[in-house]
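What follows is a pair of complexes built around subunit A, which joins subunit B in one and subunit C in the other.
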Partner chain A sequence: MLGKGILPFFDIHMKNKQYIQAWLLLLPALILLAGFTHIPTIKTIWRSFFSLGENTDIGFVWDNYEFLIIDDVLWQVLGNSFWYLVITVPASIVIALAMAMWINRHMPGRSLLRLSYFTPTVLPMISVANIWLFFYSPEIGLLNSILGLFGHEGYNWLGDPDLALYSVMAMTIWKEAGFFMIFYLAALLGIRPDLYQAARVEGSSEANIFFRITLPLLMPTTLFILVNAILNAFKMVDHLFILTKGGPNNASNLLLYYIYENAFSFFETSYAAALTVLLLAILVILAVMQFGVLERRIHYR
Partner chain B sequence: MKHLTKYINNLMAWALGGIWVFPLLYACWAAFHSSVDATSFDLTSDLTLENFAIAWDQAPFLSYMFNTVVITTLILGVQLVICTLAGYALARLEFWGRGLVFALILMQLMIVPEILIVENYQTVASMDILDTYLAVGLPYFASAFGIFLLRQTFMTVPQELENVALVEGCSRLQIIWKVFVPVARPTYLAFSLVSISYHWNNFLWPMVATNTENSRPLTVGMAIFGAPESGVDWSVISAGTLISVGLLLILFLIFQKQFMQSFMSAGIK
Partner chain C sequence: MFKLAKKIAVAGLVATGLTSMAHAETKLTMYYPVAVGGPLTKIVDGMIEEFETQNPDIDVEAIYAGNYNDARIKALAALKSGQPAQLSVMFSIDVHELMDLGAIVPFDDVVSTDEDKAWLDSFYGPLMQNGKVDGKTYGVPFQRSTIVMYYNKDMFRKAGLDPEKAPSSWAELVDMGKKLTTEDQWGAMIPSTGYPYWMFGAFTKQNGEILMNQAGNETYFDKAGVVEALDYWKSLGEEHKIMPAGTIEWGTLRQNFLEQKTAMMWHSTGNLTAVKKNASFDFGVAKLPKGKELGSPTGGGNFYLFKKSSDEEKQAALKLVKFMTSPDQAANWSIATGYMGVSQASYDTSELKQYVQDFPPAAVARDQLQHATAELSTHKAGRVRKLLDDAIQASLTGQMSSEEALQKAQKQAENILKRYK
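After this line comes the complex of A and B, so read on.
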């Protein structure tokens, strides 16, 4: 289909030449990807089978994986990651959709509003976490000052094990929603206006139009955002470094942060490798699930 | 009734917008007030620039900023070259194993470099390049996302255009440079803005790969600056935060249309 038979009389000569040229052009990318994606993946799996600590010639053992199962902190971390995913992903998607629907109408100050929704997205997570840390701080923090106006004594937003993870989630939703809004906006612009006109002529209610026309047509975008949001939920832990450091008592620890801690604070490299394998396995399962969903989508088209 | 719904919708949209900008506006407020006034909300309290001066003295912002600019530029420059070559080969050349190579490249979309920090740290350490710009850039140089975007764009270039260049005796590299690169200009812009905003804001890997202010970018510097151990007060932290995001924010405000369009088009493909 591509580049086939550029000029017939060149064909045989060209085929050989193309073959070499193609590999030469791909070489830099392949070397770098091999060195920083494929080989590290294999080495991670390899490393995960060596015993805890530095003594690497003990040989092939399952110690790390046995420890995974009895590691209470890991189970807590996985629970946190699960709730983090299940709450932040749908919440940011719903808010993103609402933002896009609001901005996609005629209203005063539309571009200013779009700007305010989108700005958190372009700023570094570290910087915005510094600002939010101020909100959450117990004595002089803004949230407690506001509660104080109503005579409430306030909460220890990041220090209370029951609240810390939710406080982190709130900031994540604030940071992510504007990003996803952009994709919904693009998709909304692509919906043909005559569909809406036809529905209005037939006297459909606005709610009906939303659920029967807008939402189904946005389905591909929602899937795209969903995939990105899930991946983000696993790979974005920057804010933990500022807000809670996974604490108190691992109440807000997430899987990648726990991997970081094991590798760079506790120097348990092999256990960190086993944890990384776990994370990779989760991502592969999600990818397979996503593939299944996408396949089905193509079918009913 | 219809007017009422519209009115309520506008009101809710604005309320949400208010919540969304509030943290940033508040950081500005705190940065320009003394730490006592910052929490008192007295609109008549005095403005001050002192926090900026203190923040500026407490952290080497200039070298952090310089490092961030160098790292971001280095990564983008190398990405553009590598992704162009690979994207072209995958889009226009026929060779055995193309599907497999493409699949291997796309794996990076799932196994992002952040997940492999432990092993990549070992690699970079064994190459003896820790705490250099190169170390921060290496895992990101070959971007599967960039290769994918450019491949999609290059596939739409008509074969005739390439044939004309071939007949005129252009080499492969000349064809890429003269025919394909100009056609893909919007894709390059979109990818560049996405890449710049990603690497300007990136934290985890740069923190692992750097130890000193010789190579440490702004995000890592800010994390150290904002740490409670360093004992700075909130107004100073806000001022530091504004210093660190100022350049990015100004760039974003100037190019916000292009920014948003780039993200949109990058997402659609």
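After this line comes the complex of A and C, so read on.
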């Protein structure tokens, strides 16, 4: 019974006609998945081992992977991606939760506040990046104008290698937090109010309520957000095209952007394939960690 | 039912066959980068429309595709997937890479008549440097520029400087820059993101050096004169403080100039019309200052013909390129955009003559041409360019000394280019 509808070819009780129908129903999704996900993935892995630059008929080679190890820029990029991940993910989650708690109470102007928190998510990344580019601009930018009011001469936000990556992160967090807030808000509304009432009757402190009731009950949502945030930390590089192009001197370069550069600016498609396999491997490891380790510790109702 | 459908289908087939015979059109697909955006596409569309009325047997479809990089990617992807594309405007410096990919044919193989050959010789010499390889012409100049210096005459006046005299030497740039730098404004800004190697090409040429050989398989990044040029660039921000330290954003620089945050900027001539339209102050345009000599790299896009097209299509494409680069069209193009007229003949047209007379800055790029050099162009151009970009940024931001950064870039470039010797 279990296989019915999910894996039709295992179900021996199914009649011939149903069998065909089931496959036909699956077909559109299968074609899309295979055509745009699975076949390209396999081809990429294949290419990373069986091609070198423009040459595709050279048999098995390790060269692309050997180059991974000696490529200084890659190590810098991996370092950047690591810090990008460990800073943007927790920061956007904490801010999202804080915003959700904040607007999940009765107060005037609540829907306006919700809207304004959510706006960054609705705007296309490229266009907001163009706006942020001007925020960050040292001479005419908003940020330095504000600092100027306090007599500070300001920073070269995107042009200083010590600041560029953090400037990029700030925009990412701003963009992500509003999106995650929506999920937290929905989850908060789903928590039964009698739990809170009971806690209050018992004289529990607000902090205790938060850590003993709210946070545990939000864990499934947090896992979902965490998975998305981690994926996005690798996926979202659109703003780099506008803000820094990975510079100065690769100070804000991230793995996916580096793959793009190799594939489309340098035409090093086989090296880009090896980099893609590396990215895939990192994502698989992270996914195993998330679902294997974290999920077991999460309390589902 | 079925029979009827069949009949309709046959009728349809016959009908389309007849109409296509009646026209006997040659269809051309052209990829075109829009590096500066907006009105450019309208201008190109207008030119194409005029071409089509003159040549009713040729049908041109222009596909606009982002910046130079995007246009190249899209054109090459289209060719790879078997979609037709006969010509494209692409970065003039992509020539070696396009040849390595076997994507383009030289114009010499397509031109036949003496008139065509004369046309091929009609362009300014320096504009051909990036288009010629092994004595054959692969790229015909169209959307071309040099770097010029825009300066704010009002600020010059305020600082007690002669508004008609922009700095003409490296020393003067520093001196005047110091006078022009105040609490609220910088003396000069030279962009170091986007295309740092291009700006650097100006400094090196001014210091009497070039960055690569014509065959595109050797680079000279670590030569003493090249290191010196980068040290000078760096000193403007670090030592003389007439320019912000760190990197300066290409994309927002024009706005900085228009909002009078800098008295001078180095930028593409392609910005001229936009600056003219938006400047609320009196501005001037001058040649870049002289180090050991005057100099700027050329820049911008060339026409290329794709190999994967029939002889008929190639002839039609040639006709289109000839039309677009004809003196009249080139003159209109230059007036509308600020890019330069590509031949002497275009500056001899009455329109452009008049325009230059009324607005002398329009001639600066052309006058600078005689001191121009080729833009950095090698095999594996994207990668080699990035190496130099990184080195420049590493030096400007103080991560490395100019010498160390350029030596590193040179070593890596040699590694990449040894395959092409």
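The criterion applied here is as follows: the second predicted complex is superposed on the first by the 276 of 301 C-alpha atoms of A that agree within 3 Å, B and C clash if a C-alpha of one lies under 4 Å from a C-alpha of the other, contacts with A are read in each partner's own complex, and residues count from 1 in each chain.
The working rule: a residue touches a chain if its C-beta (ideal position, glycine included) is under 8 Å from a C-beta of that chain, and two chains touch if they have at least 3 such contacts.
Worth saying up front: this structure is predicted, and the values here are computed from it rather than measured.
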item: Touched partner set for A:282, first subunit B, second subunit C, both or neither; value: neither
item: Which superposed partner A:140 touches (first subunit B, second subunit C, both, neither); value: both
item: Partner chain(s) touched by A:185 [first = subunit B, second = subunit C, both, neither]; value: first
item: Which of subunit B and subunit C A:223 touches, first, second, both or neither; value: neither
item: Residue contacts on subunit A - larger count, subunit B or subunit C; value: B
item: Touched partner set for A:161, first subunit B, second subunit C, both or neither; value: second
item: Touching partner for A:213 - first (subunit B), second (subunit C), both, neither; value: neither
item: Touched partner set for A:264, first subunit B, second subunit C, both or neither; value: both
item: Touched partner set for A:195, first subunit B, second subunit C, both or neither; value: neither
item: Which of subunit B and subunit C A:98 touches, first, second, both or neither; value: first
item: Subunit C-contacting residues of subunit A that also contact subunit B; value: 133-134, 137, 140, 242, 264
item: Footprint of subunit A on subunit C - complex, ascending; value: 69, 73, 97, 100-101, 186, 192-194, 244-249, 251-252, 255-256, 259, 261-262, 380, 382-383, 386, 389-391, 393-394, 396-397, 399
item: Of all residues in subunit A, those that touch subunit B in their complex; value: 2-4, 6-7, 15, 18-19, 21-23, 25-26, 28-30, 32-33, 35-38, 40-41, 43-44, 47, 95, 98-99, 102-103, 105, 107-109, 112-120, 122-135, 137, 140, 142, 145, 174, 178-179, 182-183, 185-186, 206, 224, 231, 234-235, 237-238, 241-242, 256, 259-260, 263-264, 269, 272-273, 276, 279-280, 283-284, 287
item: Subunit A partner contacts - residues on subunit B that touch it in the complex; value: 5-6, 9-10, 12-14, 16-21, 23-24, 26-27, 30, 39, 81-83, 85-86, 88-96, 98, 101, 104-105, 107-108, 110-123, 138-139, 141-142, 144, 147, 155, 159, 162-163, 166-167, 172, 197, 200-201, 203-204, 207-208, 218-220, 222-223, 226, 234, 237-238, 240-241, 244-245, 248-249, 252-253, 256, 259-260, 263-265, 267-268
item: Touching residues (chain side subunit A, partner subunit C) in the complex; value: 54, 73, 133-134, 137-140, 156, 158-161, 242, 244-245, 247-251, 261, 264-268
